[in-house]
Amino acid sequence: MGTVPLLEDDALAPRARAVFDDIRATRGTDFINNFWRALAHDPDTLEAVWSRLKSVMAAGSLDPLTKELIYIAVSSANGCDYCIHSHTASAKSKGLTPEMHTELLAVIGMAMQTNGLVKALGVQTDDAFLA
Amino acid sequence: MGTVPLLEDDALAPRARAVFDDIRATRGTDFINNFWRALAHDPDTLEAVWSRLKSVMAAGSLDPLTKELIYIAVSSANGCDYCIHSHTASAKSKGLTPEMHTELLAVIGMAMQTNGLVKALGVQTDDAFLA
Amino acid sequence: MGTVPLLEDDALAPRARAVFDDIRATRGTDFINNFWRALAHDPDTLEAVWSRLKSVMAAGSLDPLTKELIYIAVSSANGCDYCIHSHTASAKSKGLTPEMHTELLAVIGMAMQTNGLVKALGVQTDDAFLA
Amino acid sequence: MGTVPLLEDDALAPRARAVFDDIRATRGTDFINNFWRALAHDPDTLEAVWSRLKSVMAAGSLDPLTKELIYIAVSSANGCDYCIHSHTASAKSKGLTPEMHTELLAVIGMAMQTNGLVKALGVQTDDAFLA
Amino acid sequence: MGTVPLLEDDALAPRARAVFDDIRATRGTDFINNFWRALAHDPDTLEAVWSRLKSVMAAGSLDPLTKELIYIAVSSANGCDYCIHSHTASAKSKGLTPEMHTELLAVIGMAMQTNGLVKALGVQTDDAFLA
Amino acid sequence: MGTVPLLEDDALAPRARAVFDDIRATRGTDFINNFWRALAHDPDTLEAVWSRLKSVMAAGSLDPLTKELIYIAVSSANGCDYCIHSHTASAKSKGLTPEMHTELLAVIGMAMQTNGLVKALGVQTDDAFLA
C-alpha cells in the first residue's frame, strides 16, 4: 500500500532530517515509524504535525496515557487501522494494561452503539446539556 | 427532530418504567434525558443498553471521567451532536475542568488530522505495531 | 440551514420541472421534499439521481421496504439526519411497523458496536469469509 | 494485523470457553471466527456482545436475512472490512442470492450518494418527516 | 479480500462487456481495474456508475484534475483505501505534481482537524453562512 | 447548541485577542465567526489552528479556491454542517460560481457512491495503483 514511497534516512531533505532527529531524541529510540517516512516528502507538514503532536500529547491536565486512549477512540471511530495500531503500541509503552485495554474497547463499543441509536432516532438535544 | 415521539412517564410500559426508576436511583436525579425517552418504545433495547452502559461506564481500571472522555472522542469522530452534548455534560459532572476540556479537544483535533493524513498516504502498518 | 436556496416550482428550469412532474406522478402526491428543491439547481444531477433512485428502490429480489431499511442503516452510520428522517417516513408509508422499527434500530446499534470493537482490535479477516 | 493476539481454545478463561461452546452449539459448527478469538480476552464484553447479538439477530418482525443486510449496510458505511466480509458470508448462509446481493450494493451506493449530496447542500428536514 | 469474485473478460455478460469496451476506449488502455471487475456481476449498476462517472468527471466549470482532488478528499475522509489509491493514480496521470499532492494532503489534514474541533465544540452555524 | 459558551471580544485573553486581530487583518473584515469564538477558550489551540490554517489555505501549487473545494469535500463526507456552511461561504467569496458548485456536489456524490460500493465489495487494490 501507499500513495507515496516511504523515505529512507538518506533521502531526507535537511528540514525533514531535523524532524527525524528530534523524534529520535524525544522518544529515545532510533526507530522511525512509517507515518513519518511517508510525511517526510513535505517538510512543512512534517514539522507542523510533529511539533504540534509533541505539544498536544505531553502531560498537562490530562496525563499522556489518557491522551493515547482518546487518540485510539477517535481512530477507531474513523477506522484508521494504522493509527489504531501505532497508538495502541504507544499506549502500551505508557502503561496501558490488558485490563485498561479491555475497558477502553468496551467504552468504544458502547459509544458506537449509542451514537447509532441516537442518530437513527433523531434525538433532539436536551436544553439541560447546552453550555 | 425525531423519528419517534419522546415518551412521557405516563406512557411507559412496566419494563420501561423499571428502567427509568433505576436511571433515577443510580443518578440521584429525577431528570431523564431525551435519549431514554426515545428508546423507551423498545423495552428490550432500553434494558440492554442501560444495563450495559451502567456496567461499562463504572469505575474499573479506568476511572469514570476517563471513560467519558473516550465516549466524547468517539462521538466527535462520528458527529453525534446529541452524544457529544450529553457526555460533555456528564463529564463536567464527574470533574472535567475547562483545562481538561481544552486538552481533550486538542487531542481529538490532532487525531482527526493524522487519521486523514495516514489514510490519504495509505501508510502500511509497521511490523513493530502488530500484537 | 442550506448552502443553496430551495427552489419553488415557478423557479424551475424546464428539465427540472419535468423531474418534479415525474416525482409527483410516481409518488401520487403533490408534495416535493426539500432535497429535490435543493438539487433542482442542477438538472443533470437531479435527473440522474431521481432516475437511478426510482430504479434502485423499486421491487426486485428485495422488496421496497427492505430497501428502505438498508437506506436508513447507511444514513444512520453516516449521520445524515435529513436522510434518516425522510427514509424513515418513506419506510412507514411502505409498511414499517413500530416493532420492525425497534428491531431495525437494535441491529443498527449492534452493528455500530461490533464495527467499533473490530476496528479497535484490528481483527484480520478469516480466510473462510473471502469470496 | 491485530492489537491483541487471537486466543486459541486452550487459552480461554472458563467464562470465555462457555461462550465459545454456546457459539458452536447455536451455529452448529466447530468454527469460531477471529472476532470472538480477539474479544475473548475480556469475558465480560464477550458474554455481553454474544448474548445481545444472538437476541438481536434472531427472527422477529424482521427475518434474519434482512437483519444481515442491515448489518452489512452499516458496516459498509463505516468501512469495517472484517464486518462486511463476515456478515456477507453469514447472509449467504441465510439465503442471500447473487441478485439480492447486487440490489443490496446498489441501495448502499445510492444511499451513500444522497447522504453526501444532502450534507453538502445542508438540506433542512421537512416538517412532514418529523414524528 | 472481496465479497464477490473478480470477473475475467471471458466471464462477462454482453452488457458488462460493452461497458468494459467503453472503459478501454475512453481511457486508451487495455487495463481494467478491480473495481469494475467486481461490479461487473451487476450490469445495471456497472452501466449506471460508469456512465455517470464519465459524465461527472469530465471537464466542465472544474477541470478533471480538480475533480480528482475532490474525489481523493472524500475517499480519505471515508477511509476508502482502494478509492484513495485508484484516484491518486488517476490524478497523477492528469498532472498531479508532488507539490500539489503535499498541498492536497495538508488541506485534508486541516479539514479533518477542524471538523473534529467543530463537532466536539458543537458550534452553531453563523447566520452569515446561510444561503 | 454548544459545549462551551462563545466568547465575546471583551472576554478574550491577550493571546486570543491577538489571534482575533490577525484574523480581522488577514480577512479585511471585523466579522469573527463562531468557530473562533468557541476555540478562543484555549489560546494554544486557537493560535496553532489559525496559524496553520492561514499557511495551508494560502495560494501555492493549488489555488485558494481549489483548496476550499477540497475542504468542503472532506467536511461533507464527515458530515460537519458548520464546516460545510462556512467553507462554502468562503469558496463563494473566492470565486465559486453556481456551475462550479453543482459540479463539486456531483463529484462528492459520485465519490460517496463508489466509496460505498468498493467497501461493500471489499475490492483489493490493484498493484498498478501502489506507489
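Just so it is clear, A, B, C, D, E and F label the chains in written order, and each chain counts residues from 1 on its own.
In this text, a residue touches a chain if its C-beta (ideal position, glycine included) is under 8 Å from a C-beta of that chain, and two chains touch if they have at least 3 such contacts.
Nothing here was measured: the structure is a model prediction, and the numbers come from that model.
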| item | value |
| --- | --- |
| Chain whose Cα centroid lies at the greatest distance from that of subunit D | F |
| Of all other chains, the one whose Cα centre sits farthest from subunit A | C |
| Subunit A-subunit D separation of Cα centroids, rounded to whole Å | 26 |
| Mean-CA-position distance for subunit D and subunit B (Å) | 21 |
| Intercentroid distance (Cα basis), subunit E paired with subunit B, Å | 34 |
| Multi-partner residues of subunit F (each touching 2 or more other chains) | 1-4, 44-45, 49, 52, 74, 76-81, 84-85, 88, 104-106, 108-117, 119-122, 125, 130-131 |
| Topology of the chain contact graph, where touching chains are joined (line, ring, star, complete, other) | complete |
| Subunit F contact footprint on subunit B (complex, rising order) | 79, 81, 84-85, 88, 98, 101-102, 105-106, 109, 116, 122 |
| Contact set on subunit B toward subunit E in their complex | 72, 76-77, 79, 81, 84-85, 104-105, 108-117, 119-122 |
| Residue ranges of subunit C in contact with subunit F within the complex | 1, 3-4, 41-42, 44-45, 49, 74, 78-80, 131 |
| Touch list for subunit E against partner subunit C, complex | 1-5, 44, 48, 52, 55, 125, 130-131 |
| Touching residues on subunit B, where the partner in the complex is subunit A | 1-4, 31, 33-35, 38-39, 45, 49, 52-53, 56-57, 60-62, 66-67, 69-71, 73-78, 80-83, 85-89, 97, 99-100, 103-104, 106-108, 110-115, 117-126, 128-130 |
